[in-house]
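Common to both upcoming complexes is chain A, partnered first by chain B, then by chain C.
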Partner chain A sequence: MKLLKGKWASITVPLLSVALGLLVGGIIMLVSGYNPIVAYAALFNGIFSNTYVLGETVRQMTPLILSGLAVAFAFRTGLFNIGVEGQLLVGWLASVYVGLQFEGLSPIVHIPLAIIAAALAGAIWAFVPGFLKAKYQVHEVITTIMMNYVALHVVNAIIRTYLLAPGERTDQINASASLQSPFLESITDFSRLHYGFVVAIIGAIIMWFLLWKTTTGYELRSVGFNKYASEYAGINVQRNIVLSMVISGAFAGIAGAMEGLGTYGYMTVMADFTGVGFDGIAVALLGANGALGVVLASALFGGLKIGALNMQSVAQVPTQLVEIVIAMIIFFVASSYLIHWISNRVSKRGKI
Partner chain B sequence: MDFMQILQLIIPAAIFSAAPLIFTALGGVFSERSGVVNIGLEGLMLMGAFTGALFTILGEQWGMGAASPWFSLVVAIIIGMLFSLLHAVASISFRADQVVSGVALNFLAAGLAIFLVKKIFDAGQTPIIQERIYKTDVPFLSDIPFIGPLFFSSAYYTSYIAIALAFLVWWVLYKTPFGLRLRSVGEHPMAADTMGINVTKMRYVAVMLSGGFAGLGGAVYATSIAGNFSHATISGQGFMALAAMIFGKWHPLGAMGAALFFGLAQSLSITGQQIPGLKEIPEVYLLISPYVLTILALAGLVGRADAPKAIGQPYEKGKR
Partner chain C sequence: MEYVIEMRNIRKEFPGIVANDNITLQLRKGEIHALLGENGAGKSTLMNVLFGLYQPEKGEIHVRGNKVNITDPNVANELGIGMVHQHFMLVEKFTVTENIILGNEPTAKGQVDVKKAAKDVAAISKQYGLSVDPNAKIEDISVGMQQRVEILKTLYRGADILIFDEPTAVLTPQEIKELITIMKKLISEGKSIILITHKLKEIMEVSDRCTVIRRGVGIGTVNVAETNQDELASMMVGREVNFSIQKTPSEPSNETLEISSLVVEDARKVPVVNGMNLSVRAGEIVGIAGVDGNGQSELIEAITGLRKAKSGSIKLNGKDVTNWKPRRVTESGIGHIPQDRHKHGLVLDFSIGENMVLQTYYKRPFSRNGILNFSTIMDKAKSLIKEYDVRTPSEMTPARALSGGNQQKAIIAREIDRSPNLLIAAQPTRGLDVGAIEFIHSKLVEERDKGKAVLLISFELEEIMNVSDRIAVIYEGKIVAIVKPEETTEQELGLLMAGAKRKKAGETT
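This part shows the complex of A and B:
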């Protein structure tokens, strides 16, 4: 049971949670009359069997990584950013807006410009809850949820009023702002894989560097550990709370840009949330709020979501099973007290 | 269109769309007053809506006729309570982060409900239910001039139940020993424990009550407003109920008032096009008003909203 203590715990608890989550999924399939072995085999094949599904998995991962980074970054400062979804939507809109403007610009200028616009939009959206938390001690969970709905309705209204093209959506962005790549599509059997995954990996590196290699990152983490001690040590807690939310929002905005500039190249009037922002919470939790962890967790959840399509067509299991599995994984990660408690019991018994 | 006609258009619609929010917000009051954050209201409402649609259809098949939707409401309360146990076990017994556990509950509800719909009906949504909860004129009261047409004609009984329950919950929370214990557990669990109150048990009861209420809210939504259940049936009503609870300052009657007000905003965004003067206001302002007002209320700009003291913290016996 040494594996559940100390530095190993950060790896074994998530792995055990994933295993338990899949186990619960298997039991649910058994109870509802599906064959879990056939289903999981189909799921696995649906992730790895050919280049098309691999390309789709990486595409699915891209915004997940960034939204996971957004949640994880805020977590490090002790903030719970449930507003990634809303920040993602305004980022998506901003990137598409910039993508629609500036004809004849070089991609080297246009793409970064659109991504920066998305980051700014997400940052501004996250500034509101950050400011309210720092200034008025308003709990960020509630304000970020409220900001999600404000974002949804405002974004839809802006598209309907200013950017509407036939089909309840905006026009296609200029080619110079697009992350889509005929090359990547051709090597993956015409999946929708685009250059966004490079942006996501750079994002993960930036997060790691910012948190662990800079003074600002040290201050942010310190506020997350103990804001009173940080205050006493001369760290400006209020400033760091706002800063953390703003950076988190910027990551979320870029996640939106991945959809706007990469996967779709436009934005539709949204009937509901994308879910990517909420999945980011799961990704950050499973990834233990670390950059590498987030990338790995995104790979798992992105893979599960793509593999679920094959599972449905081969074993007739509804894709929602994967959502159930993801929810159970979150429960188990969050209830790691349970896992520790069981391990303590087992190790005590082992001694006797 | 005169003023009376406008009122007749808006007020019944507001009460109508507020009913599910009132039920769910009251549930939120129980849970949060005992110190357990319940972001999972959305998921609980979703399970309630699913149960409501499913058991109305089953009730019809079992020959229950017009009683089917009412039968489904009872089942939805039970399912809501059972489903909320997951949140209770994770956040009270296993000391999981209450917000995280609530988020997981929402995920699970969304996945499980659609999974079961696909399994049972082999389609993405349930069929339309035949026996809905219909609007009725309340006998005698609807004949009262002015008040009658506004509040008592073509109204839903579920709306009256919602408003009556708000007063009942107020009475329970503020006038009974049980309510005092529940609130004390949310303000200062250690003091409550010292006085011999079982903190864990009180919190379990509170979370299960919130599950029952939210399940009822969801089922009322499915049987009176939506008429069936699909992935889009519950999209944000639970969070709006959460907002109503906060805007109502964690008080049952405040939550009811806020839910009625949010219902008004919702109904205005739908019926506003028919009303002169409101036509010029873009719909989006009405749609975002509940959320913006809640943020302003939290910031202290529309009256201060203070959460129960011990909210969000798991109680560990013997911890200082």
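This part shows the complex of A and C:
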């Protein structure tokens, strides 16, 4: 039980939560008349059995990593960015716009340009709540949620008005901006795997480096922990709040670019949110707001989502059950307090 | 003799540290038993063991002759042990009565029986002479009264063994007197008291016996009547302690800090610093004496750039630094030991190493082109930890894990190491033990002797008298008198602090 406390807690709590989440999911399957062993075997096969599902899992992971990084980054500065979804949407649109508008560019120029556009769009979208928080102490949870709706409808309106192609979507972006790769597709049995995962991994490294190795990261973390001491130390608290939101928004915007330049190559008129931005909150939580943790948590979530498809076709278990399992995992991570409490009780009893 | 509480050979370990080793504490019925030790000596750990918050690795606890296992605070409550915490555990928005009955509400027909509660509270408060207004909200009453509410809470739950954790740390001298009366009254009503403190004066005044612990080890128990402050201090610290500060007369030179007609408003737009004039010269310690709330905090905040001055000017070595940003002020040569070390002084979740470079992290050699150089930072921290005797497992330990005295030493190390021309020390020894106080005072004098200007703000007259070369008395945002410590007395200062001169001048009689 010592493992649940101290420095190991950020590893053991998520692992235990995953196990408990799977267990509760299994119980629900049993109650609903499904065989959990068959279902989980199908789920497992659906993640690892062939290169196609592996490729799909990695593709699913890519935007999740970036949106998880966005949430985690803001959180390290004491901010709760619920607006990753909206920042992701504007990033997606910006990347597609750049992908459509420029012709004849080399991919070496065009792809970074589109990604930077997405990062900028996300950053601008996150700047608004950051500025309001820093200047007028408006709570960022409220403003970021509201900005999500603004993003959804503004993006749809822009597509409808300026970029509409047949099928309630934009045109396909120019090949020079595309992250799609016939090579990656061919080695993964024609999954939709694209080069975006490289971008996501670079993103994770950047977050780690920025936060832990630079003076900017020192300031951001300091403000997150104690803004009074930061002010005393001469750190500009307001500037760092805005900066944190802007960087977080940039990660979210790039998450959108992964969809726009990678998976789809276009953007549709959205009936609803993608959910990737909200999953980012769960990923960050499960990954203990660390760069590596976010990557691992994204792998789990991506895997579960792709595996759920196989679970449905082989074991006839509805994919919603995987949603429940994911929800349960989050529940257990969030209630790690409860786990600590139980482990304390047990260890006390054990001694007496 | 029967003991109401007997803790025998208690040992409590934390990873990497033995907090309590072989400590024995025996509390007689009807006595006030002081538990004395430096910050971080293990007093709180021992009491948390008694209160059921920690389980000891070794040792036995006997309550009224019976061996007990105190597994959590509820068990302690059932055994009649009550704790009056240093940081009050009160609901600000609730009334005194509501706070007292909280968790133990008398009910009638499923509702809280307010009448019975009020009657019970009134009865207890009368019995023990604890005057409180049962209907006042906690946020509206004084700190002293809040503490009485805490005491009433334990009595309401039927405690007859009371643990007072540093009860005087937050009180004014007048409130301390009242508390001592209350404690004596409690004893006469048959209660027993453990008093955790490091203030020797109080021990001599109020307690019957005293158990001393040093660095987690029980040193012994003495009868207070048969000992004196010096003996207690050396038992606690492990060596002779100098109570009076060794210093030569000051040799002040040019003016380092010059404040003229300064006006600073607080959050409610009240001018709490109201036309202040003050100067501090290089090579002297100026102590600001005054009752809390007469503009001291706002004055410091204005000097250090944390609060805007409304009008007037602040000059440092002749340069106008009024309303500069904190970083610019820091860089221009001001060091600041803040009043609230947890709020302003430290980022508690940062390591000690990271805290040591709080104002210098962006400069060489601690960083280069925006990239931190952790090995240099940690080397710096290591040398400061050694030089200032900060007791910490390592420089990577979070500041939160250190005791108050060691946190303060870390701040002092950081501030003095920057070698500022003006060092502002706001209540630098609050809540610290004699050993740490001695150390900090000697450091302030050392800075003075190096030709630095030191501005000391303290609510403890003894400290002001001992350390300062000149004393400036602050009252309602103005310096009302400047005196030399050798030419005044605590009584006179006390009168000045209460605005005596002004009243005399204003009155016609």
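Everything below uses one rule, namely that the second predicted complex is superposed on the first by the 352 of 352 C-alpha atoms of A that agree within 3 Å, B and C clash if a C-alpha of one lies under 4 Å from a C-alpha of the other, contacts with A are read in each partner's own complex, and residues count from 1 in each chain.
One rule holds for everything that comes next: a contact is a pair of C-beta atoms (placed from the backbone, for glycine too) under 8 Å apart; a residue touches a chain by one contact, two chains touch by 3 or more.
Bear in mind the structure is a predicted one, so any value in this text is a computation, not a measurement.
In the superposed model, B is the one of chain B and chain C that contacts more residues of chain A. Of the two partner chains, chain C is the only one that A:Asn226 touches; chain B does not reach it. In the superposition on chain A, A:Ala271 makes contact with chain B only, not with chain C. Contacts of A:Gly234 after superposition on the shared chain: chain C is touched, whereas chain B is not. Within chain A, not a single residue is touched by chain B in the first complex and by chain C in the second.
Those residues of chain B whose C-beta lies close enough to touch chain A in the complex are 37, 39, 86, 90, 94-97, 99-101, 103-108, 110-112, 114-116, 118-119, 232, 235-236, 239-240, 242-243, 246, 282-284, 287-288, 290-292, 294-295, 298-300, 307.
Contacts from chain A toward chain B in the complex involve residues 28, 32, 80, 82, 128, 132, 136, 138-139, 141-143, 145-150, 153-154, 156-157, 161, 271-273, 278, 281-282, 285, 318, 320-324, 326-328, 330-331, 334-335, 337-338, 341. Put simply, chain C touches chain A in their complex at residues 15, 55, 69, 71, 304, 306, 325-331, 336, 338, 343-350, 354, 358-359, 361-362, 367, 370-372. The part of chain A that touches chain C in the complex is made up of residues 6, 213-218, 221-222, 225-226, 228-235, 348, 351-352.
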